[in-house]
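Order as written gives the chain letters A, B, C and D; numbering starts at 1 within each chain.
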């Protein structure tokens, strides 16, 4: 049961109004091929959950520039001036979530939890509208799970069952999102046969993956590090 | 020595051997260059790395290895990568010794504002709220006054807070100020700076430490 | 064919191609040997493995590779290991298709009791509560009556519950019974077993399915 | 700054009344050397947090047999008859926690969370005394974090900084516990130089580890699997 698929099959899942998680941190680890394909398809009114809105020409930012996002749930938008403009002009809704809370909310969505209590945001406007719960004399905010219809993530390596390995800091939100969506598509830099990834090296088991699409990448990319 | 270098150099002196440190984006990132000799610290970055090393030489960047500002970095031997959830477990879980962040405003309760100016600019909090709440010691590294000369060290923050009563120390080019339960304690002066200059540039009251000295940088 | 084999064989027929399945310790573990030909399922075990394979030949056990009962197992190509927290994210998170568990009592609301007999034996719930709540389909594989002949399929459980209203299907050597909103639906009979025999061995009311048939095993 | 230590240094930390987490799942992945050393030391009134109480002669069970445990917080005791006996005779207190909840509570303790909401245990005696919170129409139990003074864990490989790699199903609770204790000691089957573990293969960064003790193992152990 190979999960190798193609861009069109994945894009068929994305329609006006879809709720999508997109991996990456300031475009490091963002599946740019998927993002480009959404821009090309022109799907509108998307709700996008990601760490940030990237840059004008990189990462999730491309979907901001093309005005396809109705609502972004992110921790940071400072690197993309167009997000700020659309936000101020009320053309796009932006829900800003502390980064650690965003990560935990996605994990809660993936792990079947009803929420988590975090000390982050207590005493700030982040607590508005949220339940405050005191545990052992300390206040926490109840933060609720996030899930999406579709997660678009990037992996360094995938086997044909969808077992994934991420690389360096391009891991970030990718494994979390892979657990928190009804349909998970992976843009994989390398695709290997089943059995080629050591079971102890698998960072995300294939049961969470629905479709694997080979990344369109510059043929040679500098991988200088460890 | 310019203001930024004074600040970065002085912040570096706060590091103790074995500390796990997270440096915010912008000026705090500079502090990595001023870790005192003989002190070994480990840098964590919230995008998923412990053991972050220096910026790589031009042409040797790895597009998968970056810091929380998106700039290429390296990893030192003995470093580790992890996902964003794990990264913030490290940050909130009590093993992060120091976070160094920039600030727009700090007040005498130790409140910090550094993530939005309503109606003007709203970059978002990124990891700053978690870092401020989670780190054992919160150091704010910033210029003493705003670009228009208005004070940033206040009786009470007017901007939306990043975190409530979490700041421990403020390092500016003019002063080192500790947040104590009695208010701001002026402990050190910048090179050639007088008490009066600091007071003039600070809205809040300052308690002058009996051991007040000039920064040794 | 003994009772246990009848049960294991019939449970195996519930598996569909591509299912992710967790088998409880004891009799449910046996079901792994009766996956119908042409059906490919993946076994998850809560101690941290997906893609669990058969018991290794004597002498080739690996002390680090076991199932949730602590017995040596193997891993198939394409399998993965993970920690206990991740394991239960898989279980509660909606990707586990089927869990097969043993039972002490099941009642017509779909309540399950299988983790303690107060004052007598309290083995603990282990992963059973999470599995029952998390799996899309909960199958209870058990002998129809207790060793003393008393009924286990009841109007109302008397033992402390493992989970509330989560059981979907009961497979015994005497019957296949579905939990429906109207109560227990008797769908299949064990080899040579009559409706009357099942009714006699069952405390709860049984709705006899119009399509009642004998197990095809 | 090597963290290589010895058994005595670790045992000095353990005193009457200590709260200890011990890794392993039915003794797979349990640091037996540490357990044996506690038995030898004879420390009493321990609170032990672990998945189970192992067997009479393996894992945490050895501490039950030697009557050193005042309270056990575990998910399962069925493989150790002595636990049942002491529990019924009220010689030892046993708090039974659903396994997934136990894992999440330890993770919450390690990650600075005030608790998590889980659907597990709703409608059972596990909910007694706990706050029930409804999210999107579904009931959850608020489960509180667990931390310990000391975590005793087992790793397959450690470098001298304490970066850890676990192997196969001996991973289980070990990494979770490594984050949730004030002092973390690792019994390591293999110890390597700093830099020998690829940063992407590290399963637990060394910053969480305080002491590494080489495992006393049979010199050759069958490692047949992948």
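Rule of thumb we're sticking to: contacts are C-beta pairs under 8 Å (C-beta built on N, C-alpha and C of every residue); 3 or more make two chains touch, one makes a residue touch a chain.
Keep in mind the model is a prediction, meaning the values are calculated, not measured.
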(message) C-D versus A-C: which interface comes out with more C-beta contact pairs?
(response) C-D
(request) Take the average of all CA coordinates in chain B, do the same for chain C, and state the distance between these two points in whole angstrom. (result) 55
(message) Nearest whole angstrom, what separates the Cα centre of chain A from the Cα centre of chain B?
(response) 28
(message) On a C-alpha centroid basis, what's the spacing between chain A and chain C, in Å?
(response) 36
(request) Specify, in ascending order, the residues of chain A that touch 2 or more different other chains. (result) 104, 107, 111-113, 118-119, 166-168, 171, 199-200, 226
(message) I need the residues of chain C touching at least two other chains; which ones are they?
(response) 49, 75, 79, 81-82, 88, 91-92, 134
(request) Treating touching as the only link between chains, describe the layout with one word: line, ring, star, complete or other. (result) other
(request) State the interface residues of chain A toward chain C in the complex, per the touch definition above. (result) 1, 107, 110-113, 159, 161, 163, 179, 194-195, 199-200, 202, 205-208
(message) Which stretch or stretches of chain C touch chain A in the complex?
(response) 17-18, 20, 40, 42, 44, 49-51, 75, 77-82, 88-95, 134
(request) Can you check the complex and tell me which residues of chain C touch chain D? (result) 45-49, 56, 59-66, 68-70, 74-75, 79, 81-85, 87-88, 91-92, 111, 119, 121-130, 133-134, 160-165
(request) Name, in rising order, each residue of chain D that touches chain A in their complex. (result) 104, 108, 111-119, 131, 133, 135-136, 138, 140, 142, 144-145, 165-168, 198-201, 226
(message) Quick check on the complex: what are the chain D residues that touch chain C?
(response) 25-29, 51-52, 74-79, 84, 87-88, 94, 96, 98-104, 106-107, 118-126, 156, 166-176, 221-226
